[in-house]
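Consider the two complexes below, in which chain A is the common component and chain B and chain C are the respective partners.
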Partner chain A sequence: MRRPISLYGLTFSLPLLIWQVLFFVFPLLFLVALSFWTVKNFVMSPDFDAVNWTTMYDRAVFWQAYGTTLALAAAASVLTSVLAFPASYAIAFKMSETTRRWAVFLMVIPFFTSYLVRVYSWQIFLSDNGIINVILGGIGLGPYQMLNTVGATMIGYLTLAFPLVVLLQLFSLVFIDRTLIEAAHNMRCGRLRTVFEVIIPSARTGLVIAALFCFILAFGDFVSPVYLGGGEPTTLSILITDTTKSGQQWPRAAVIALTMIGTLMVVAFAAVKFAYKGKSK
Partner chain B sequence: MSGSADLNRSRSVDWALMLYVVLAYAFVFAPIAASFVFSFNSDRFPSIPLGEFSLDWYRAVATDPLVWEGARNTLFVGVIVGVVSTALGFGAAYTDYRYKFAGKQVYLALALLPPTIPVIILGLAMLAYLSRINLSGNALSVIISHVVVCAPFAMAIIRLRLSQMDPALEPAAWNLGASEWMAMRHVIVPFCAPAILGALFITMAVSFDEFAVAWFVSGLNETLPVKVLGFLQGQVSPRINAIGTFVFILSMTLVILAQLLLSGRGAKLADKE
Partner chain C sequence: MTKIDTAMGLSRRSLLASGAALLATPMLSRRAFAAPTELTMLAWYGHAEPDIVTEFEAENNVKFIPKYYTGGDNMLGLISQSPPGTFDVILSDAEYVQALNAAGYVEELDPADYALDDYFPEFQQFPGNWQDGKLFSLVTRFGFLGVAYNTDALTEAEAANYNVFWDPKLTGKVGHFDWHLPNLGQMSLLNGNANPYDIDEAAWAGVQEKTMSLRPQVGGFFDYGGTFSSLNDGQMLAFCGIGDWITGVLEKNGAKVKSVIPEQGGLQWSECFSIGKGSAKADLAKKWIQYITSAKGQAKSAQMAAYPALIPNAKGWEVLQAENPDEAKRQGMTKDAGNAMDMIRAGRIKFREWPIQQDLETWNDFWSEYKGA
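On to the complex of A and B.
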């Protein structure tokens, strides 16, 4: 169906291209330029000065936040993947077609509820006089401080990423060749061994991509670290909002943002490479 | 013997797995359910045991002019974002379906990548760029940024529908003398109609819930989710539950409509036409 590009074709293909170049590519490129601007007396002026980069990179706070964010996001993607896998496994292999469709539908619902509202709701569960502490108090335990801890931040990350990770894992699990599993069983391969030596390797691509998405979401999220974690320890996303919203230090915020994009690109590249390792696409 | 029957080796493991699935869903739905329940609860600081049933929080929300303004902004932005994203997404989906060209990979990357960029970075980039070209701090800036994020969803939904179409259908229309435009109007668009409406509703729902980018670029024209963020920053307020429940019902209506259109009768009707 190869035809020369016509007015007809351009009418359909150009609008999106123009929109995304103008409002997606340009803003990101502008961020690069912005990171070299200077701020004097709260006024930004175009410049070509690496001062923002050197100031940010010389700060211990920045590197602490960087390490924290990296560790939290990595922990979140491992934790979410491990917790999601048994659920995805059960939905993929233990349910009838109809039940599975319902399970998928239910997992899609969270995407259309406000993440903010769900985070606020977790505050009701986790606060000092919250639901969980009242229940624990009923059996003579606690109260424990749960809100404003790293654990609460993790619950927030799970709230954000768990449904997506389950769906992505599920998507790769249902496409596993069932005869492979039957073959493993016929050869007297045990249940757990089948999971680890047949199912996980066959679904590797999907599992890694799911973990990658969780990493991206947790890495950039500022709601859970602030409203569940109490803002301590500081993450890069908190640093960006603080730097942007208070004062005119946009160029420095741009430095943080670009560092985040760079990190994400390296992580994504490594993950994709690992996901497709030894596979001819 | 079927694969699933073969796997049923140990009943206790199966039961444990099912229990696990139930717990997983409980975790996912606990905050949603709690927000619903506590939106009808009188207590200022929600916890158990429940206080009295009350509609106070709905009343507080309904009488807050700022909330109404936020709702108006949200609706205004959402509808326009839905229409524009769906139009752009349809064009991109059709381009991918029909044409092969050099640089198509780049084109598709631009069409699909934006949702993978963390919203906080996108928000900052948008704020800086749009204020540079004097477009920041109004509803238009929210619309522009939301379309960037939403168009990929529309593209994916419509592309999926196009891949279900018999590839010979469009050439057949041409052979029968239809111009490209006529084939588009009488063959492609009717076939994609359910997906187009589905994409419209889904992109609207995405825009209704997006707060981070909107928070950065909206200035004084805050949308409802940005207001919620404000409530969250201020004192703890069960108003969030009332707004959340209301928006949840609105979004779910849109999603269920989209779902019906995409999988159910809508698609079948269009197939018959």
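On to the complex of A and C.
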């Protein structure tokens, strides 16, 4: 039987509802409306014309940027998750309570500095005359081009998402029932097999949600593809700025933004469904 | 009592008078201590920074409140989304001035208010500033766009030709300032189009083909900050679409970069000041434009810390030559042959403008395709 909504319950849920309506639903509806507006001589006028949708969806460069962004974000999610897992595993299972607290603190510290500043500082390491190439030059190697490459963009994504992914994975790993691990060991299950057959399946929800957050951050990121990737290949965020640079084409930028939101929603729902599969009935 | 007062030279009357005067002092000097009048300026970064505005602010008890934009479209967007009167002074690239006029965003100016006679003749009737014989904005500074290059990688003679971008030793080291107008304008010049922005469909197809052939050489597409850093750290060795407004700043800070106007010619960017429509401080805004277009203001503007520029005021050149002869020489604002005005007069420089026979959108769409290629 469904319980009636009490005033007490409303008091706590209303702010969230108001927040969502004001800062998500309303802007989203406005974005949808904006995508049907038209622009003439730099002036946007309210309209109901699908021209922005047809124009953008007919352009090869749009789909090219879409595929690139999707691939880069997916690659970043896999790479970050794989690299973050040993760190979160070590923090969860190999460290004392005090060391773990320090490790968590260290993972939070990067958020004290602007992401843009962190990305700019990578340029000093990755440029042709940068720190890494100077060190490599000292042992007779290089110089290698690292800046303005997809690899550099990926480093930027890692800078953005790695600490968050470690923390999210960690919260999942620390709540694993330790008796399951002990049981696996008692049944002569090796360490590696325990990780793959006990720990990862038990922490699936957290691991998938962590990867999802990485995907979301990388999919919409503008800073790394521009300042580390040199603006190529073109991602959807770059295409948005390109579109607004000519004739105030915000409605077309809205089409790109809505496509991105739609994609993220599909990916998020699919990931959440997979994360919680078989967990609750 | 009276005796004592008198002995001290202070009567009751004089004491009251002195007290009243003392109490009234803050009122009498109120003007001097009044809060400065705020003047809003919509401009590229640098125009309302202390090196440019401090003197004017002190002389007129004004405080500039800048709103900086990053491109003409951004500027138009900010104006169109703000109520009339939001911006007292507006700085605009010349190609956007007509859009400002058409949308009614700027006030008409009285030419008699400004030192137009001190301007070089070429700038007295500057295109875009005037419409139907009425003045709407005043050009305040300009610069040339050519080939920006790393002096360790290229000689000036090598860089003085747009074809240098295709040099095999620059593969992956050619950068683009990420804006279609200057880059495609330069490609148009390279293709021999006398009016680089007024080209027919065949010539436009030629520009696209030529530009696409450059794609394998390109190492990246950069915004303002990225352009600075990639030239400064030697990541890019040649740059298309920029000029001394970027390399000048780096050069002054010791970077091994320079700009040159190639034999195929260069482009000219220009910045113009207007008074925002509905400004409640139009008189003060006028005073600012008078100041910054005067010889003294112009010399200051030429040396702006954010990015240097050429100035259209001939007397401003004289002030600059007296104040900072090295900078006057570096920028070519001297009486020597081959100076900036000689280049314009020799027809080597074309205005950067919007495409005339194609839509702006067509050029931008091609630019996106080029980037994605």
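What we mean here is this: the second predicted complex is superposed on the first by the 254 of 281 C-alpha atoms of A that agree within 3 Å, B and C clash if a C-alpha of one lies under 4 Å from a C-alpha of the other, contacts with A are read in each partner's own complex, and residues count from 1 in each chain.
Note that a residue touches a chain if its C-beta (ideal position, glycine included) is under 8 Å from a C-beta of that chain, and two chains touch if they have at least 3 such contacts.
Not measured: the values here are computed from a predicted model.
Using the contact criterion defined above for the overlaid structures, shared-chain residue A:Leu239 touches chain C, although it does not reach chain B. Of the two partner chains, chain B is the only one that A:Gly9 touches; chain C does not reach it. Shared-chain residue A:Ser77: touches no atom of chain B or chain C. For chain A, the partner that touches more of its residues is B, with chain B and chain C as the two candidates.
By the document's definition of touching, both partners, chain B and chain C, reach A:Tyr120. Looking at the shared chain after the overlay, A:Thr69 reaches neither chain B nor chain C. Once the two complexes are overlaid on the shared chain, A:Val43 sits against chain C while remaining clear of chain B.
In the superposition on chain A, no contact is made by A:Gln169 with either chain B or chain C.
In the superposition on chain A, contact of A:Val134 is made with chain B only, not with chain C.
By the touch criterion defined above, A:Asn52 lies against neither chain B nor chain C after alignment on the C-alpha atoms of chain A. Put simply, chain A uses residues 120, 123-124, 127, 129-130, 227, 244, 250 to touch chain B in one complex and chain C in the other. By the touch criterion stated above, chain A contacts chain C in their complex at residues 41-44, 59-61, 64-65, 120, 123-124, 127-130, 145, 147-148, 226-227, 229-234, 238-239, 242-250. Across the interface of their complex, chain A is touched by residues 71, 73-74, 76-77, 80, 99, 102-103, 172, 175, 178-180, 218-223, 225-226, 229-230, 233-235, 360-361, 363-365, 367-369, 371-372 of chain C.
Considering their complex, residues 3-4, 6-7, 9-10, 13-14, 17-18, 20-21, 24-25, 27-32, 34-35, 38, 45-49, 87-92, 94-95, 98-101, 107, 110-111, 113-114, 116-122, 124-130, 132, 144-145, 147-148, 151, 155, 171, 180-181, 184, 205, 209, 211-212, 216, 225, 228-229, 232, 236, 240-241, 243-244, 247-248, 251-252, 254-255, 259 of chain B touch chain A.
Looking at the complex, you find that chain A touches chain B at residues 1-2, 5-6, 8-9, 11-17, 19-21, 23-28, 30-31, 34, 83-84, 86-87, 89-91, 93-94, 103, 105-110, 112-125, 127, 129-131, 134-135, 158-159, 162-163, 166, 178-179, 181-182, 185, 191, 213, 216-217, 219-223, 227, 237, 240-241, 244, 250, 253-254, 257, 260-261, 264.
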